[in-house]
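Presented sequentially are two complexes of chain A, the first with chain B as partner and the second with chain C.
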Partner chain A sequence: MQIIANGISLGAVLFLMGSGLALLLGAMGVLNLAHGAVYMVGAFVTSTLAVDQGYPLVVAILGAAVICAALGLALERLFRFIPGRPNEQILMSFGLIYVLANLAQWIWGPIAKAPFRISWLEGAVQIGGVSVPANRLAIAVVGFAIALMLWLVQDRTRVGAMVRAGMDDAEMTKGLGINLDRVVLAVFVLGSAVAGIAGGMGGLVLGANTNQPMEVLLMALVVVVVGGIGSVPGTLVAALVIGLLDAFSRDRFPEMSSVMLYLLMAGVLVLRPTGLSGRTA
Partner chain B sequence: MTTVFTQLRRKVPVLVLLIGALELPFLLSSQQESLLTRALIFAMMAASLDLAYGQAGLYSLGHAALAGVGGYTAWLLMVRYGHESFWYLIVAAALASALASLVFALVSLRARGLYFILVTLALGQMVSNLAQQWDFLKTAQAEAVTGIYIPSLGLGEDWHSGTLYQFVLVLTALGLFTIQRIIGSPLGLAFRGSRDNEVRMEALGYDVWRYRVVAIVLSGTLSGVCGALFAFQSGLISPTNIGVATSGLLVLMAIIGGSGTRYGAFIGGILVTLLQFYANQWSMERAPMIIGGLFIVTALLLRFRPKVAGALRSLTRGRVSHAVA
Partner chain C sequence: MQARKLMAAVAATTLTMSFAACATRDDDAANDNEIVIGLVAPTSGFAADYGPEAAQGVELALDKFGSEAGGEKVSVVKVNEDVLDPSQTLERVKKLVESDGADVVVGPIFGSSQQAVSAYLDQQGVPMFTLLGGDVALAGGDGSGFIWPGADKKTAAPLGTYAAEELGYKKIATLGPDYAYGQNAIAGVADAFKSAGGEVSQQQWVPLGTTDMLQYATKLDQDVDALAMWLVPNDAAAFVREYRNLGIKVPLLMFQGVFDPTYQSIGDELSGEIGLNEYNHLLDYPENAAFTKAYDAKYHGIPNQTVAFAYTVTDIFLTGADETDGDTSVKALREELDGKVFDTVIGPASYDADGVAASNRTVVKAIKDGSRYEWEPVKTYENVGH
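== the complex of A and B ==
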């Protein structure tokens, strides 16, 4: 039971990260490998606000979301210089990871932050006779709420239709008079805010450290490859599968746990290269 | 006759440079020799990456892992199983890397475009994680595996930093020569063809997929040799050495020198290794800022001042193209 709770809460965090990455990649052709660095900033900001300054967790997370949205705005400026150029996007991403991780080390010190202790999320909650750690439950609830929101935005609103149109045929979408640049900006800001929330919530179990830009990015990336691009449910299913697989294999074969994820990815690629949801970049 | 003469004349500067570089130990301290050896090894790694990255247009972010397979193989055979011959170890490392890159190619080539980049990144990390977690690939408590030394060539040689430098220099020259021959051959032309116009290549009857597999395997095999040399020189190898950060640096080396040119990646490799060393000397804490800045500046220069970014491009008279994989 503990394993399932761990798996689902990790899956929720991975979903939040993977959805932003997939949207940028699928809708905009932007390879933003610095997405994990945004997560890290969210985690550190939440740690400062909630743990050091004693603000309520909700306020701290909103603060992290706002700061990360601003960071997303800045990233969009940089990536706007290099549309459709993988070489430049790779270099830019790596550069941003180095700079942001080092800045975080400068500001918050070289010692990793322990998982945040929030008094009202200590202890466990009884659900149907099973006790679930409250902090993990909170992560799952926030994750699913945002998944629902993203799904509604993407499937039921005008902006979502623009995003989907851009994903299918960018040229045609522009030809219809839709300002795709503005849509990219919106996706960047929204995706970064969600990554900030993921960092804040993930910090409840993972803390904050300067290795996270790469670690979290890689897990999110596996989610994107497995889940395919352009469908919120596809990403959600992939994130949950990977979260559960990770929790399960950490318990059963700790020596091989992180390799399992990549083996799953390789297997999905070989059998179904477009991922679960069936769209390609 | 004239063609033979002009061909020879073009080789003269290279030979002069090589002989000059061979004599460098007379001028340098042993630290400087080690640094240069390290730079040569990484430059060679970058040059081998560029065979796939620049020539065949396969944007791989997992190259360090392929080199790492070679390094870990050398460690395994030497420390665990007591093999001491340089030739045996280097061939085993190359074969292991060839096998690993074949698997790498078969999985990653299922994905296309930006997806391919993601998959190579993930596969590279998988190898690094395996080295980190699997007890079979660990010594005692430490994260890095140690106990490696420079194996014997069987020629009664006397290893110190100077002779190692000279030996690595000769190997590097051979490796670069091999890469030049591949680039200049019909095979190299087919690499560039599948990079620039996949559809036309298919129409001409080339099996593009097969050429891509060959490009990745050749590039991985060469890097396996570099990985083994790295392990011999540093005496240890760790999961971080072969991780994503190193793969990213290799890409930076290739691009900064001019990806897809003859010597660009190699020269870029020497420059970046030296810069990284001196940045670390200046400040261990803030060096990542400099390296990160270099990445970002290179990206922007490549976009707006491509001639400056691949500064050596004009020098090496190579062709360059930004075709998407």
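== the complex of A and C ==
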């Protein structure tokens, strides 16, 4: 049971990391490799507001979401300079990782921030005889709440229908008079805000450091590959599967734990190239 | 199509990471009238703190010597140590030696990097002064290594001895990173503890690059007298946070404690725990007083171990180069340094004929002193390392 609890809590962190990237990929049809850097900015902003300045965690995370949304807005403008050129977009977003990481190092310094300490999230909660740290529980609650919100937006709203239509056939969607550029902008801002929230919540267990853009990018990519593109349920299931697999492998086969995620990714690519959700962009 | 794009992105990520870190040169290319120190330490990734800190230590040593030794000007070239890909570190060290003209390498920090570059440096005859440990196999014979502050398998041993003999512990568990240095350091504690009659009931190893520490806390065998552990500062902070959240009461035996500035952010969670320091700014030695004063004057603060040991090995190298009139060959330095006792920041220390150092270790206790968290010296073990 402890392994399952550990796996679910890790899965919630992974979902927060991967959901924004999955949405952006689905809506834009291109990888924003700077997604992990946006996560990092969210982590540092939350650290500054909640740990250094003493603002309530909720306020700090909302602040991180707003700043990351603004950052997403700026990034989307940059992507518009090279429309329909995925290779250039990938290279540009990769370059942005270094720009943002170095900016973060300039602003917050090279020393990593320890996992954020929030007094009301200290200690553990007993659930079914299993100890679950309160901060992990909070991450899981926020993760599932965001999953629910994204799913409702994507599946139950007119905007969500536009996003799904754009994912399936962008030209046809535009032909129907839908301003797809504006939809893409909205998704970019939303995805970046979620990355900011992910950074803030993830910082409770991972802290903040300038290597996170790469670490988070790789984990988010694994989640997206396994879960499928642009699918909120697929991303959530993938994150939970990966979290559970990681927890199980670290418990039973610790020497193999580092490669298990990538074996899973390779297996999904071979057996089901479109991911668990089965959706194609 | 999307899968292809993703795979291309992963490939691009890997390639670009490979090219990401590059050498920076502080001065013009080396020549016969100049000694070039190549500092190899990580400036990116989970261990990014080490590089800037080691650079501070090297700079302070150069200040002490007026950037001259053996009648030659001394300059520094800094290179990023890739802790996840030692082959990249090797390529950078080759450039450091062949293009930048490095006469000596200070570093690398990680054992895997040291193993990767040592054969090349042996071949080139370029001495490698490690600052945070190393395997004795890298020194002696044709090896180019000068291992500071002592052999990895010996350096943490006093912690195991102290736990058994002074604290009376009978059974411990261990936790350490799953790479050469971590395994050797933890093995030193475990072997010493077992030699003193204790039992090691559980050993957990954390793979390199692991960020989630919860499972190592939940899996701990709590039927032990203590957990002996060593992790890099940020990982240690993450582990201790999980440990405290879960309410685990098993005492910690922390090799190296936790370095500043991370320690200052988690100090109250470690109050009363026992550690073993190789360096501690509170150590009462004249050289340490001078060093901490110089550090505060230049960088305004309190130095940690990485700074102190980068300073120390650069100081010793420059002293040796001064005595050999600028001959920085491994052979000349070995002969010059063999058996010579240096007054260092951790007290008297020496290198043997193989280039392995012996020096003091200090058992410490985590306390709060005013607004600062400190590791208070409790007991000193002398001449540890050979």
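Structural remarks
One rule holds in what follows: the second predicted complex is superposed on the first by the 269 of 281 C-alpha atoms of A that agree within 3 Å, B and C clash if a C-alpha of one lies under 4 Å from a C-alpha of the other, contacts with A are read in each partner's own complex, and residues count from 1 in each chain.
The rule is short, and it goes like this: a residue touches a chain if its C-beta (ideal position, glycine included) is under 8 Å from a C-beta of that chain, and two chains touch if they have at least 3 such contacts.
Everything numeric in this text was worked out from a predicted model, so none of it was measured.
For the composite obtained by overlaying on chain A, chain B and chain C cannot both be accommodated without a clash.
Of the two partner chains placed around the shared chain by superposition, chain B and chain C are both touched by A:257.
When the shared chain is aligned, no partner comes close enough to touch A:53: not chain B, not chain C.
Contacts of A:266 after superposition: chain B is touched, whereas chain C is not reached. Residue contacts after overlaying the shared chain place A:157 against neither chain B nor chain C. Of the two partner chains, chain B and chain C are each touched by A:214.
By the touch criterion stated above, A:179 is placed in contact with neither chain B nor chain C. When the two complexes are overlaid on their common chain A, residue A:86 makes contact with chain B and with chain C alike. Residue contacts after overlaying the shared chain place A:98 against chain B and chain C alike.
By the touch criterion defined above, A:117 reaches chain C but does not reach chain B.
The clash between chain B and chain C in the overlaid arrangement falls on one stretch of those listed (182-190, 236-244 or 254-262), that is 236-244. Judged by the document's definition of touching, chain A residues 25, 29, 31, 33, 86, 90-91, 94, 98, 214, 218, 221, 224-225, 254-255, 257-258, 269, 273, 280-281 lie at the interface with chain B and also at the interface with chain C. Of all residues in chain B, only 59, 61, 107, 110-115, 117-119, 121-123, 125-126, 129-130, 132-135, 243-245, 248, 251-252, 255, 259, 285-286, 288-289, 291-300, 302-304, 322, 324-325 touch chain A in the complex they form. Touching chain C in their complex are the following residues of chain A: 2-3, 6, 9-10, 13, 25, 29-31, 33, 86, 90-91, 94, 98, 110-115, 117, 122-124, 131, 133-136, 205-207, 209-211, 214-215, 217-218, 221, 224-225, 229, 246-247, 250-251, 254-255, 257-258, 269, 273-274, 280-281. Considering their complex, residues 25, 29, 31, 33, 78, 81-82, 84-92, 94-99, 101-103, 105-106, 214, 218, 221-222, 224-225, 254-259, 262-263, 265-266, 269-270, 273, 280-281 of chain A touch chain B.
Those residues of chain C that touch chain A in the complex are listed here as 1-3, 5-10, 12-13, 16-17, 20, 43-46, 48-49, 52, 178, 204-205, 207-212, 214-216, 218-219, 233-234, 237-238, 241-242, 244-247, 261-262, 265-266.
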